[in-house]
Each structure stands twice: as structure tokens, then as C-alpha cells.
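Next, two complexes with chain A in common: one pairs it with chain B, the other with chain C.
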Partner chain A sequence: MATTLHSLLDQLRETRAWKSVFRRGPALTNRTRSQAVFGNLFLHWMPVKVREKSLAVRASYYLGSISFLLFLALTITGILLMFYYHPAVPQAYRDMKDLRFVVSNGVFLRNAHRLAAQLMVLLVFLHMFHVFYRGGYKPPHEFNWVVGVILLLVTLFLSYTGYLLPWDQLAFWAITVGTNIMSAMPVIGGKLRFTLLGGNLVGENALLRFYVMHVVVLPLIAFLFIGIHFWRVQKDGGLTVRSKDDGKE
Partner chain B sequence: MAPEEMGKVSYRMRLVFAVCSLLFVATLAVSPVKDLLREWKHYKRGYLNLARSRPDTKRLIADFRPDLDQIWIPEMNVVDRCTSCHQGITQATLADANVPQPYRAHPPIPHRVKEWGCTPCHRGQGAATEVAEAHETTLAWEQPILPGRYLEGACGSCHRDARPETPKLNRGRQLLESHNCAGCHHLQDIQRAAMPGPDLTNVGTKVSRAWIYKWLKEPRTVLDDTGSVKVNGYEMEESPRMPQFRLSEKELTNLSAYLSSLRSHPVAPYKFSPAVLAQWSKRPDVVDQGELRFRQMFCSTCHSFAVTRAGETKMIGGEIGPELTKVASKVNPDWLVAWLLNPQAYLPHSKMPRYEWSEADLYKVTRYIQAKLTDSDLLSTVPQLGEPAKDEIAEGKKTFLEKGCSSCHAIEGMPPQKDFGPDLSALGSKNVSQLEFGKSTIPRNLISYIQSKITDPSSVNQAARMPQYNFNAADLDAITTALLAMTGPPPTSALQKLTVPRPNPQFRPAGEFAQVYERYQCADCHKFNGFGGDLAPDLTYEGSRAQRQWIDSFLKSPQTLRPTLIFRMPQFNMTDREAAILADYLSMVMQSPDVRPGSLNVKDLTPAQAALGKQLYEVKYQCQSCHTIGSGGGYVGPNLNNAGNWLKPEWVAAWLANPQALIPGTIEPQRSMTPQEIKAITAYLMTLRQGGGKAAQKKAAVQGMSRGGNGVAGQ
Partner chain C sequence: MTEKNKIETGFGSDAKKNPQRIVFVTRKTSAKVTDDRGPLLMTYPHLLLREAIAAQILTVAVVLVALFWDAPLEQLANPLLTPNPAKAPWYFLGLQELLHYFPPFVAGVILPGLVVLALIVIPYFNVNIEGAPIWERNPARHFRNYVAVIVALTVLLAAFDAWTVAAPTLAIGAVLIWSYFAKSEASAAARYFRSRPLSWWLMTWFVFVALILTLVGTFFRGPGWSWVWPWRPYGA
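And then the complex of A and B:
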């Protein structure tokens, strides 16, 4: 059975179609393996080689990776939710009701999106604390630390813009209070609030702006900076792992 | 890690991975399983089972689909999924009370369910497909289903006019209006009266300080165990409009001091002429004569008073004016005479007509009121008060303003307190979270809040300024219904178009007629173009109905057309000129567009037709079962003895053809008579005349009046 499968796979690797997609042969040596990583769009920002101890649980608790996986889960559930959602008053709240009462697995979909978002905020913070206490902000990681802070802010802002979308009382007042705090900023506060809400009140315009921010602008920024973040992890020499033996990092 | 070791995973790790995967799949399966077991699917199956157990299965499941059902009316913002469970609402055969809910048919209503949806009337959450969410107050929905007994409140959200199908709502609105709720609160569609309570500018000239004290303490209202309202110990249908203000002894003393000091225009005592005094003051029967005159003038059409007959005490009389059983213990004698002569001089908006008095009548009637309508014990519980002190007056004035008295009572120089209480025009759509329940233990919902606030305002708010109203259970429900109807402006423009506005009829005549009309306050009892009271016949088409000569003589001496009535037209002692002005105006102006004047002339009706008419009247149509002619006949319709002098022939003809077209809602049935029959019966009725000359009419009038007098006394 196993041999049949292997021979089938081998035959497949010989086909023209396979070769057109994967231009290199089987990765049998370290050289071909690293060539495979370099030549792949999705893998090329990963390090070609990692130290074994940086894969251990205690090295990172996988906090960054889980945050990224949650981000992917949020993207998928978010796209599904977009099929049922209209950023309009009062239809937005009715869509919540429809998700609850009519759409198959609608409650699951909403809760998955909401819980994943809350979990992501939590994990992003834990990730930051972990990196901080490990001294991950020190040279040569300063730039990646700044990128991380930007990602933290983007995560928080994604969470905040998503809060308004159900268009219920909680949402309305949370955004009212939040934007009022913003308007206390000297000089630009009032203008900023007006720009964000598209008016002086939390209304239809605010809902639309928050929706566009939530589903287009912020996710694009997040993807961009996540790419930079991952890329720099590799370029800056991998994870900062505390060495048990010599105390070096 | 060496390349050969890659891909090799320990058995333990594989186990952990397998268990985690299984747990993950199981977690994901929860949601689809929940989807399969939704509540509405259970009710769908239940309906199928029910339909199969009944003989007309085929018809019951003709429209059945296993999916969600919904009524979607975009222009009304309605998405009602109620029919997913309530599947039988349009199936006539499921109307039986044995059919279990939620499958029972909807009772017949003027609206078609599919065109109106469910939540516009029943409220609740139409989008929900779960029992609790659809019907109750939940975390995400605060407008529960309206309980059946208050359902008329939902009608009132759109139907701002009074409809015969909503008696409870109409009663509630009437109570809100008559109890001057709009004096303090802003209410939907109920306008604030110019000044709802009596003007108190000169109240010190009318009543004593002791009486004011007593009245403020207990405004005649005593609620007994059964919840019915008693006034002075007698049962009343209407409760007095003045509510109870829960005042302390100190406040009572101060307020009574302030009010009794209000006498800016003192009344000069009326001087009866020596001739009248000489003739009547010494006569032993002056009180009895006064009582006779009081009855003949039909004061009881508007005023009630207690009468003891055969050991049983009862209230008799109308409710337009105040109850008079103990009036002489209340008002000063000089004020009483001045009032009877010209009520509008004291209260410009009084409904009381200005009677034309002879001096002897005035003397007799006031003597009767002072002797009989009195109670020496009335003020025995009031403490000794004395002359009002300066600081008491100042304190009383402050209390007057604090309690919001000037919302209802005008005092010269004191501005009215408009909107003293909270705005209630959208109370019906208030959410529970917006209500203040204080320390009370009542159920947390809008209905129990409204009811306990009205019966005891301090129950939900210790510092409430609102007075206490003692409504019986039925009236409390009616008021609650009317308040629940106040849901504010319609949420959508489509619903706005559906709203039936409240008619605001006004009848403002001009000229000489207006003066007489206002003097005798005709609109207290009669309706003119939809405006006025309900006690007496609608006079909108009186000019088409009655002959001018008859109107004139009736006004001068009203004789009853309907002997079973308790309330009669009062004898105003009108002058000839006044009667002529009223008769001219009524016959010229108050015309029906459906009756052409002069289209049928009495001269064209032959005796042969009249003879045929008599036969039709007595045999074919049996009119005598309701109407009286001569000494025989029924008492449902008016007496026709004098129809020839009273009615216009063209009116009779039009009336016989289609009574409801002339007066919608009349109980006179439409009998589909042929034009020949109509002419014949008209001819017969036109031959019915009592007397001929004026003298005979006068005699009849006197007889009618004395019969009427007995009628009242016998009630």
C-alpha cells in the first residue's frame, strides 16, 4: 500500500504539470531544502534554518503564531459574516437578528468571530509582554519591536471598529464614549472625531466609515505589517532565545 | 535534528493529536446539531401531526413548507416570523378552542394578517424564531407581547379616532381627558384644556375655609373594599375629577388659608324685591314649591343628587354638572343666588346655561337648595381654623405652586404651570430599563408600572408629586390601555400614512345665534357637525328633519318625544325672540346634503295614500313595535303622535329609504320599501297631528312636562 502510494507520488512528480509548479526536484539535501524555501512565495520570509531550541514551547509559547492563526480565522469568519451584513441603519441590527434566528450556524459564526477577536487582543498583549521581558526590543530587534507596536494598535483599532457594527445600544454608547474621549485631544481632537464619525453623532455615516475601516483598510494594513514583522524576525536573526548554558541570547 | 529523524513522531504525540482532533470536530458539530433542533422545527412537525389527525388534512397542509415562514412588509418595516409556529392562523377550521396553541386560528378582525403582519398590533419581537425571544422581554429585546386585555392599546397607536371596536381604549382616553391628565402631562392627541379645573381667583367668596380644608383632605372620594367609588356615601358611576394630594395637616391649614383669602371681586348680596319676599318668605310650602320648580326645570339632566325613596338612597341625575346633595353646606348663600343668575360671571368657561329666571322662581329654588341639599355634619371633622394668618397665606401660596395646583386651577396673576409632570406622549413604547421602580416589589414591566403609579404614585417614587387617583379596576385597565396606545410618532413614513388622525371637530357659529347658543350651552348635550355632547339628539341635520314652527314651540316648552328617557331638555324659560333665533338658524343652516328641501310636498299626498300608509305601518312593517301612536306602541323609537307637525315630509321619505345614510349608526332598520310604500307611509305620518292651535300645543307641552317630572322622580 505504502509503496504504491510512494510510486504514485513519484510518477506525479515526473509529470509536466507538477514540474511547472514546483520547479525544483525533491528537497533531499540542505541546499535544495533552502532553495525550496527561498523559491516559495509563502515560505520565503521564513528562516531557512532554525535552531531547535527556538522551536521549544518555552521559547515563545507560540504566542505570535497563535495570534496570526486567529487573524486568519477572523478573516475567514469575517468574510462569511460579510455575506449577511449591511452597514446601514436600521438593517445592521436586523442582520444580527437574522444571524441569530435564521442563518444556519449564524450564532456560531458570530460567536467565533467575536471570541477569536477577543482572544487575539489578549494574545497580542501576552506576545508583547513575553517579547519585552525576553528583551526582544534590544538591538538588532528595535525596528521589529516598533512594527509589533503598530500591529498591536491595528489589532486594537480593528477590535474597536468591529464593536460598532452590530448597531445595538452597547455598540452605540461604546463608540459615543470612545470618540468623545478622542475629542478631548488638544487642537485636533474635535476634527479627528468629526472625520472618524463622518459627522457629529454616531449615525449612519459613522457606521459606514467604521465598516470600511474594519473590513478593508485595517486588514490591509495588518497584512502588510504582519509580512514585514515575519520578514524581520528572520532578517534580525530569529527569535531571541535565552541560552540556558552560557546566558547568551 | 538530523534529516532521518524528521517526520518521526512519538506514539504519545500521535495520541494527543488524535484526541485533540476528535475534540475539535465534536466542538464544531455542536452548532449544526443545534441548528437541527431549533424550536420552530419542532412546531412545524407538531402542525403536520395535528393536520393529519383532522379530517381536512389536505386543505390544512396545502400551503405547508418545512422551512421558516415569514410575513415581510418592507414599507411597514415588518419582518414577522410568527407564522413559522402559528401556522393555523388563517385556517378557519382551527378556530376551535380545543385546538392547542400555537396552531389556533386568529379571531376575525378588520385587518388581513398577511397584509399587516403580527407585531404592528401584538408587539413582541417579530424577527425571532424562539418562543421566549418572540414573546417576552429579554436582554436583547424590551418590547414584550401586549397582553390580550390591553390589546386595544395597539389599535390606538394608529387609530387616533374613537372606533366602536375599541370601547376600552375610548373609555381610557375619555378618562385621561376628563381627569385633566393633560393638565400636567404632555399626552399624545389629548390637548390640554384651556384651564381644566375651576378658576380660583374668587374662591374665597364662594366657599368657607373649613370647606376648602375638608375638600383638599378628601375630595369626596372614598374607595370602598370593592373598588367602586362612593361620593358622600352614595355610589357614583363617575369618580370626582379632583384627585387626592396626600397633604399634611400643616399643608392643609396653609393651603386653606391661602385659598380662602382669594376674594378679589366680592359678591354683593342680591336684593329680592319686597313684593316677592312678602309673598313667599312666610309661606310654609315655599321649600316644596322650590323643589317642584327645580324638578320642572330639569336641573337633574346635568346635576345628580341623593334621593331617599322607600328607605333606599340612590343618586339620580346627570353628570355634566357637579353633584349637589350637600351643595348648601359648601357654598355661601349670596354666591348661590349670583351664580344661578349668571354662572359665566364667576366662571367664564362654565357649562351651566344662563336661565331666564323670574324673581319668585329664583327665591323658591334657592330656599329649596338651602333647606334640602345640605348636611350639617359635613364639616364637623374639620379643626377650628379661624381667620387666615399672613404667614399661613404665604406658606399656602408656596404649597400651591409646589404641588402643581396652578397646572389645573387658574388664579388671576398666577401663570399656569404647563407640562408640570413628565411627557407621556411616548409612554407606550418605553423600555423597562427606562422606568424608575424604586423600592417597590411589583413585576418589572410597563403595565404594572403604569398601574401602581396611578393607584399609588409613592409606591414607585417616594418623592412623587403626582396625586392619587382612585379608579376602579375596569377604569384602571382602560386608562392603562389608552396610555399604552401612546407610542409617539410612527417609526416609518409608511406607518405615518396609515395613522388615522383624531377628528377635531369645532362648531363656531356667529351672530345672534351664537349668543343664544352660548347662553344656553346647547353643545353640552347636543352635537353640531360632530362637535358637542352625546346626551341629546344630534342637531347637525335638524333643519332637514323638523319643521321650523315645531322647533320654535319645542324650545319654549320642551315636551318629550321619548318617554323612556331619564334626562330631559331643561325648561330654560326662553324668550320668544331667543326661540325664534334658534329655530331660524337650525332650520336654515343645519341641513343634510342628502335631503332636498321641498322635494316632497304635503299637498301632493292623497288621503288614499295615507290610508295605504296606515295599513303598511300597522300590518306589513309593524312599526308600532317600536313607535307609539295614540296610546299603543313601543318605546324604542320616538313617539309619532305629532309627526305631522314635527317632521318634514322629505326627511321622512329619505329616512324610510335609508336611515343609516342620514344618521350613521341609528338603530332604525332599513326595510327596503318601494318608492310607493315610502310615499304612502309618509302621507300617513303627515296626517298625525296633535291639536291645531297654539293653546292646544301649550296644553300638550304642560302635560308632557309633568309626565317628565314624574319620570325623573320615579327613576
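And then the complex of A and C:
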């Protein structure tokens, strides 16, 4: 069974249609395997070859990869949630109720988005600490560490702006408490808070602003910096590997 | 390519006339190439396969948990009804715990600002790059300085009654002081702690304090930010 499937796939890869899409036949030689990576828009930022040692689980625990996969999962579930959500008071809260009682699989959709969001914050922290303890910030990786710090802040802001959107008590008071702290900043604190909230209180304007930040501005910034981050991993010569790591898992 | 047609840029592209530095030999290193990073494998299929497996495991795990755990939803937002306590998301509860002890300007602006700044500059300090074991150079002098810092920090934290910060600080400080007197041959723990660099101690202190503050903020704080036990629910 497995072999029939395999040979079927191989035959498919020999067809003109396949080749017209992927610009190559089956990847049987190292040359075509390289092309499979650098000739593909979605993979071209990866190196063509990687250190055997950097594939070992303990080299990264795939923490960075999982952070990115969570970002993708959040994008997909987030877009689906947007079909049902209005950033308006009190409609936003009614939409949450609709997700629970009216929309098919609405509960699951919201659970998955919320869960992935919590996990992403956790995983990004774990990734940072892991990179630190391995010495992954050392030259030539210095700047990628700084890009990472930016990604950490963007991740936290993404999570924080999303927190307001359900417009329940939890959301309202968490944002009220958080933005009140900003007022403690000398000179600009009050103005900054006013700009963020579009007013002096957490209200309709704040909800709209947080929504736009959450679904457009911050995801774009995150996407941009994740791109830089991955590209620099490749340009800096791949992951830091230490002589005591072995390729075994 | 004729030199005549070139636009004047101030530097030439002839390597013999304009030599470039190609290697920079820093202290205690040599120009010898010592690559022990091991063999290379093709990204396709070796890395991509592993990424695909990671994606599948993650998807199954998230779907399973999302089927059984429910995202919280409370009453409609009401500006006139302040819940007590009003808590931030979990990753900010460490900060909220700090706000309990220090004025908002210190806990909400200065301290987080310093943390971000400290993170950014980590790779630009040579002590963090070289990573020499903490007691390798001038142990007696460093020991005196570190003890002074630990004592000063403890006094400062005590002055603000910030004991949930002071306790983990003292714990890490105690291990640091112990590692100074311990003999490397005595135990695996002694060998481990004595071989850690300063950057390791600082980060571990930070992680430990942040962890304790977040746990306390999440589980041990109730109305008016008073101390509660998680197994004895308040209100309800």
C-alpha cells in the first residue's frame, strides 16, 4: 500500500503539470533537493543545508519553530473569528455570546485562538531563555537577539490588544489597570495613554484602536520581524551548535 | 570593465590596491580554523520533515485542549463595577505584584524599561561573550563586591517591604555565596555552580524572581492585593 502510494507520487512528480507548478521533477538528487528549498518562494529563506547537530531536539527544542507555528495558527483562527466580530460596544460582547450559542464550532474557534495566544507568549519566553542559556546570542548572532527582543515585545502587545476585544469585565479592567500605569510616565504618560485609548477612558474608541492594532498593525510588524529573524538565522550560519551536542535525538 | 567608465566612489574594487580586513583575531584566540560543528544535511527532507512533524503534534495538542478547556467570558464590561482584585493577564502579574510595593513610576516604567534595555545589551558586553566562570579572576575582590550588592539589594527591598522580591533574591545570593566557598571536587553541584559565568547568575536571578512574582500574583493575591491561599477561594 505504502509503496504503491509512493510510486504513484513519484509518477505524479514526473508529469508536466507537476513540473510546471514546482519548476522541477522529483527531488532525488542533492541538486534537486537544493532547488526544492531555494526555488520555492515559501522556503527560500531557509538554508539549503543544515548542521546535523542543529537538528538534535536539544539544540532548540523546536521552541522558535513552535512559536512561529502558533503565530500561523493564530492567523488562521483569528481570520475566522473576524468573520463574526464587530469592534463596537456592546456588539463585541454579543458576538462572543453568539460564538458560544449560535455559530457552529464557535466555542472551539474561540478556545483554540485563546489557547494558542497563551501558548505563544509562553513559548516565546521559553525560546528566549533557551537561546540565552545556550549562548545563542553570541557573535555573529548579536543582532538577531535584538530582533528577538523586538519580537517579544510585539508578541506581548499582540496578546494585550487581543485581551480587550471580548469586551467583558476581565477585558475592560485588565486594560484599565494596564493603561493607568502609563500615566505614571512623566510628561508624555498622559498623552500616550490618551493616544492609545482615543480618549480618557477605555471606551468605544479604545476598542476600535485595539482592534486595528490587533488585526492589522501588530501582525504586519510581527510578520516583518519574523522574516528578518529567520533570514538572519540563515545568514549568521545557522543555529549555534556546541561541540558536546550530538546529532542523535 | 574599464576603470574609466567608473563613477567615482572614493574606494576602488581592486583588492590588491585596497586591501580589506578579512579576519580579526581577538584576545586568547588564534586564526586557526577549528570547525567542530559536524556534518551538514540537506534541509529537504531532513529539516522540513521535522518541522512538519512538529506542526502535526502541535495541531493535535491544541485541538485536543481546545475541545475540553473553555476560554473565559465574564459579564459585559461595566465601568461602574470594579472587580476586586482587578488582575492583568498572567504575563503582567509579576509587574502588578511589583506595583504593590513600589510607586507606579518605578514599577510600571523604570523597572520594565530597564529589563528591556538589559535584554538588548546582553550580546554587546564582552563579559557575556567570554563567559568566564564566576570565580576565575580576582575571586576575593569579586566576592566582596557581589556580597555588597546582595546586601544593598536586600536592604533596599526590605525598606519597601518587598519580601516576595527579596526572598528569591536572597535564595540565589545564598547559592552564589555557597559556591564561593565550595570545592569543585566536592560535588557535582559545586562544580556546576562554580563553572557558571556572571551572565548566567544574573539571568537566573531574573528568571527566578519573575517566576515567583508571576506565581504569587496569579495564585496568592486576592481582594485589595492581600495574601490568599489558592485552595481557599475568596468571594464566590
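Convention: the second predicted complex is superposed on the first by the 225 of 249 C-alpha atoms of A that agree within 3 Å, B and C clash if a C-alpha of one lies under 4 Å from a C-alpha of the other, contacts with A are read in each partner's own complex, and residues count from 1 in each chain.
The criterion applied here is as follows: contacts are C-beta pairs under 8 Å (C-beta built on N, C-alpha and C of every residue); 3 or more make two chains touch, one makes a residue touch a chain.
Keep in mind that this is a model prediction, so the values were computed, not measured.
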More chain A residues in contact - chain B or chain C: C
Contacts of A:Val107 with chain B and chain C, given as first, second, both or neither: both
Chain B versus chain C as contact partner of A:Arg134, first or second or both or neither: neither
Chain B versus chain C as contact partner of A:Asp168, first or second or both or neither: both
Chain B versus chain C as contact partner of A:Asp98, first or second or both or neither: first
Touching partner for A:Lys235 - first (chain B), second (chain C), both, neither: neither
First (chain B), second (chain C), both or neither touched by A:Pro47: second
Touching both chain B and chain C, residues of chain A: 52, 90, 97, 107-108, 168
Chain C partner contacts - residues on chain A that touch it in the complex: 27, 30, 33-34, 36-37, 43, 46-53, 55, 62, 65-66, 69-70, 73, 89-90, 93, 96-97, 100, 107-108, 110-116, 118-119, 121, 125, 128-129, 132-133, 135, 137-139, 141-142, 145-146, 149, 152-153, 156, 159-160, 163, 166-174, 176-178, 180-186, 189, 201-202, 241, 243, 247
Residues on chain A engaged by chain B in the complex (per definition of touch): 52, 90, 94, 97-98, 101-102, 104-105, 107-108, 168
Chain A contact footprint on chain C (complex, rising order): 36-48, 50-51, 54-55, 58-59, 62-63, 65-67, 69-79, 81-83, 86-92, 95-96, 99, 103-105, 107-109, 116, 119-120, 122-124, 128-129, 131, 200, 203, 207
Complex interface listing, chain B residues touching chain A: 1, 30-32, 34-35, 68, 77, 79, 81, 125, 127-130, 133, 140
